[in-house]
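Order of writing sets the chain letters: A, B and C. Residues in each chain are counted from 1.
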């Protein structure tokens, strides 16, 4: 069961030329699909990038394997496509083999497009889609079923929304972006002023500006700015269920794994990596090149690139309980040590 | 205000026979609905399973209470349905009393079903639903309003999607599954190869295979496999806002509470329990019968069943600040202790 | 790019009178929009509430600035609207300047409204909306595109659902509530009884009762009660991706930041604040006025108002690794200290 049927067979010679690999083996052999080393059979193109899977190479039945030069001659399938970066090369070849379904240009009869919206004739607008006043959908965009695009929102050329995405009013999405189902871009930021009578809503009058080549995961939420915009840089990659609060700014090429949360007005540099369930409090600045470990919360500015962590790893429950008890007693332990030091100083 | 009206009154004699209980009290008394011990009145069926609520039995006004044999004679309502497992018995009786709305077989006029899709005539397809090419909806399925079912996706018999669910292309859902609103199954996995120019998208050409009797919570996301499928075993229960990454495999009967996150290619055994906000990093294997505490991150393989924890419990802020300071000073404390030990050894 | 165009210019004299400020400067000067101190230009209304941004006042080009009395005479724009609470005053003025788009009363032709539902003629029902049997939509409500309102659900007057919201059967929403896109209210609670054959579903026959002036964030989920209702008090504010489990009760004016999770049957008091990624286990009670820090899990009853924390802050990875190692060795460290104490006692 695959997402998309592969294209006609392609020869290893063609692959090697098109993707800049050295070819070892039969130039006329053809591949039709991709597979992992262990699942591969005839016609499969596979790759070895993570040394963890090195053992699977020797017994793989793949027709061809993309490998590093250092793996060119190890045991395994005789056809090798040799490249310094097998994973990126695999990605490019897989894009070629699986181009995705062709665009069906035009607006589905069940979609509702406001008369003042502009939809490029090359774009595909699926069933049940709603496009608001003054919105703009660029060339070759694909708008999945039941998406809602608000008034004045716009999508650059070659962007794609999976079904059930919401783009709120005035949100700007760049070119070649891909938004997975259920994502919400441009929801109101969480802004309420405390008063003696309770909360008073602070209108969120900014919007969201999203660069080019941005990927946004399923059910991820990006709030519009309170004043001024929330800004997502080019080539940012956000996984599923990520929360980006109002007026956050994220630098180019930064990636965040699932369930990260970035609180309001925090500024994140370029090429940062956030692991799952991590995040940052509001109003902090994180420089370029920062890696944040899983479940770690950044609580103040980070000015030095490098990795940061905080979460304890899972322990068997008896160890865990003892650790928690010990931590709670650290005051007592420190006091005992202080008393010992004092005693030694007196007695020496 | 209840989700569904109860059926006609049923006698305690009938309940006892149908659900294998010993009946103490009036066989002709009837119940019409369920209620907690404290809220119950005439016509209410209640139960006592959690000893925490034992005090409410004596004063309950329920018409009948499901209890363990050990609670058969304690103070309280005179009608008792006695069973070794009151909670599971309650669940079965409640299913009987609240069968849910009857299926309205047929496709709503406002739904769009591709001409190559197959929808069983007994299935209910709600307003605004979109069903793609080659998709298959089994007997007695209920597809809630505005759901989107992608090309080639399929649902086994007696499965139900609440409104606004997205099933992406080629996803396979088993029989008797229930998917809550906003869930997204089959979104692209988070796969990008780093290059000197930024990220290169890795096509996610696998799909998602979901077994029978699986429950999936609201706004939960399950990504399709990168190569090969993401696999959810029979009788798996996922709460709301859970993230299951590409190529994860989850064994039968495992349950995860809200906001858990499992990173890519991790394999989880059968009958595991994950508490809220917990999760696992990618590429680890967790054996059967593991319990993961709330907010705990599994960072390496677990090969022994049992409970695992990591998160510190909430402390008053002054304690918390002291604990954090003490933890940051552990190096110094250890150095002081080492110096004391050294001094003692020298002086003895 | 803003969410909504501002109204016609308003004079500072009018603002001062309408919102109870002292005016310093030109009563005839007019503002047309809001801006931050640093981005403001001619026609902009700005404010200074957070001392963090005080430095921007001197050089701001705003036409007028809302300030505290203590900031009335500092360097900066000559027009000042002076009020003890600049942020709340800003919120009120911004609501006035940005009233949001006017309601377009009526049901869109592409919406499906069950013949037994009642929709107030003043309400706006957008394209693709589905409203079930017996549902009720109050005066001046706005129902965004592709929302689904279940059978018997109701919305009080002046409430608004952004696009793609799901209100399940029988959910009750109060007046002046605002629900952001993708939120799901009334999904089934996570209730399954363990049996020797696996999980047995426990029907969730309660509903959700939501008070007045409640805000619910994008992709937030609120489950219906198992027996009896989940209850959200007046003026509660929930950010995005929050999870509220079955039978939780939340007191008035409590606010929760993104990705909080509250497990089943927990009761939370009034005027509590939960920071991002925090939460509580099930069946605990938290009193009024509790503040829970980010990523902190409440594991037992809290009976004293005040702040609570648990999560370690992010540390550079080398510090983090050392801290984890030290924590794992706390048993040994404590044993060494105990030995030293014992030795000292023997030798003294």
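As a working rule, contacts are C-beta pairs under 8 Å (C-beta built on N, C-alpha and C of every residue); 3 or more make two chains touch, one makes a residue touch a chain.
These numbers come from a predicted model, not from an experiment.
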* Asked: Which rotation angle, from 0 to 180°, best lines up the CA atoms of subunit A with subunit C, given as a multiple of 5?
  -> 120
* Could you check if the interface between copies subunit B and subunit C is built from the same residues on both sides, meaning over half shared, or from different ones? => different
* Asked: Using mean CA coordinates as chain centres, what's the subunit B-subunit C distance in Å?
  -> 25
* Structure fact -> Multi-chain contacts in subunit B, i.e. residues touching at least two other chains, fall at 110, 128, 146, 164, 182, 219, 241, 259, 277, 295, 311-313, 315, 327, 330, 333, 337, 340
* Structure fact -> In their shared complex, subunit A is touched by residues of subunit B numbered 110, 112, 128, 130, 132, 146, 148, 150-151, 164, 166, 168-170, 172, 182, 184, 186-188, 190-195, 198-207, 209, 219, 221, 223-224, 227-229, 241, 243, 245, 259, 261, 263, 277, 279, 281, 283, 291-293, 295-300, 302, 304, 306-313, 315, 319, 322-323, 326-327, 329-330, 333, 336-337, 340, 343
* To do: Using the touch definition up top, name the residues of subunit B that touch subunit C in the complex.
  => 1-4, 33-36, 39, 52, 85, 87-88, 90-92, 94-95, 97-98, 100-101, 108, 110, 126-128, 144-146, 162-164, 178, 180-182, 213, 215, 217-219, 234-235, 237, 239-241, 252-253, 255, 257-259, 275-277, 294-295, 311-317, 320-321, 324, 327-328, 330-331, 333-334, 337, 340-341, 344
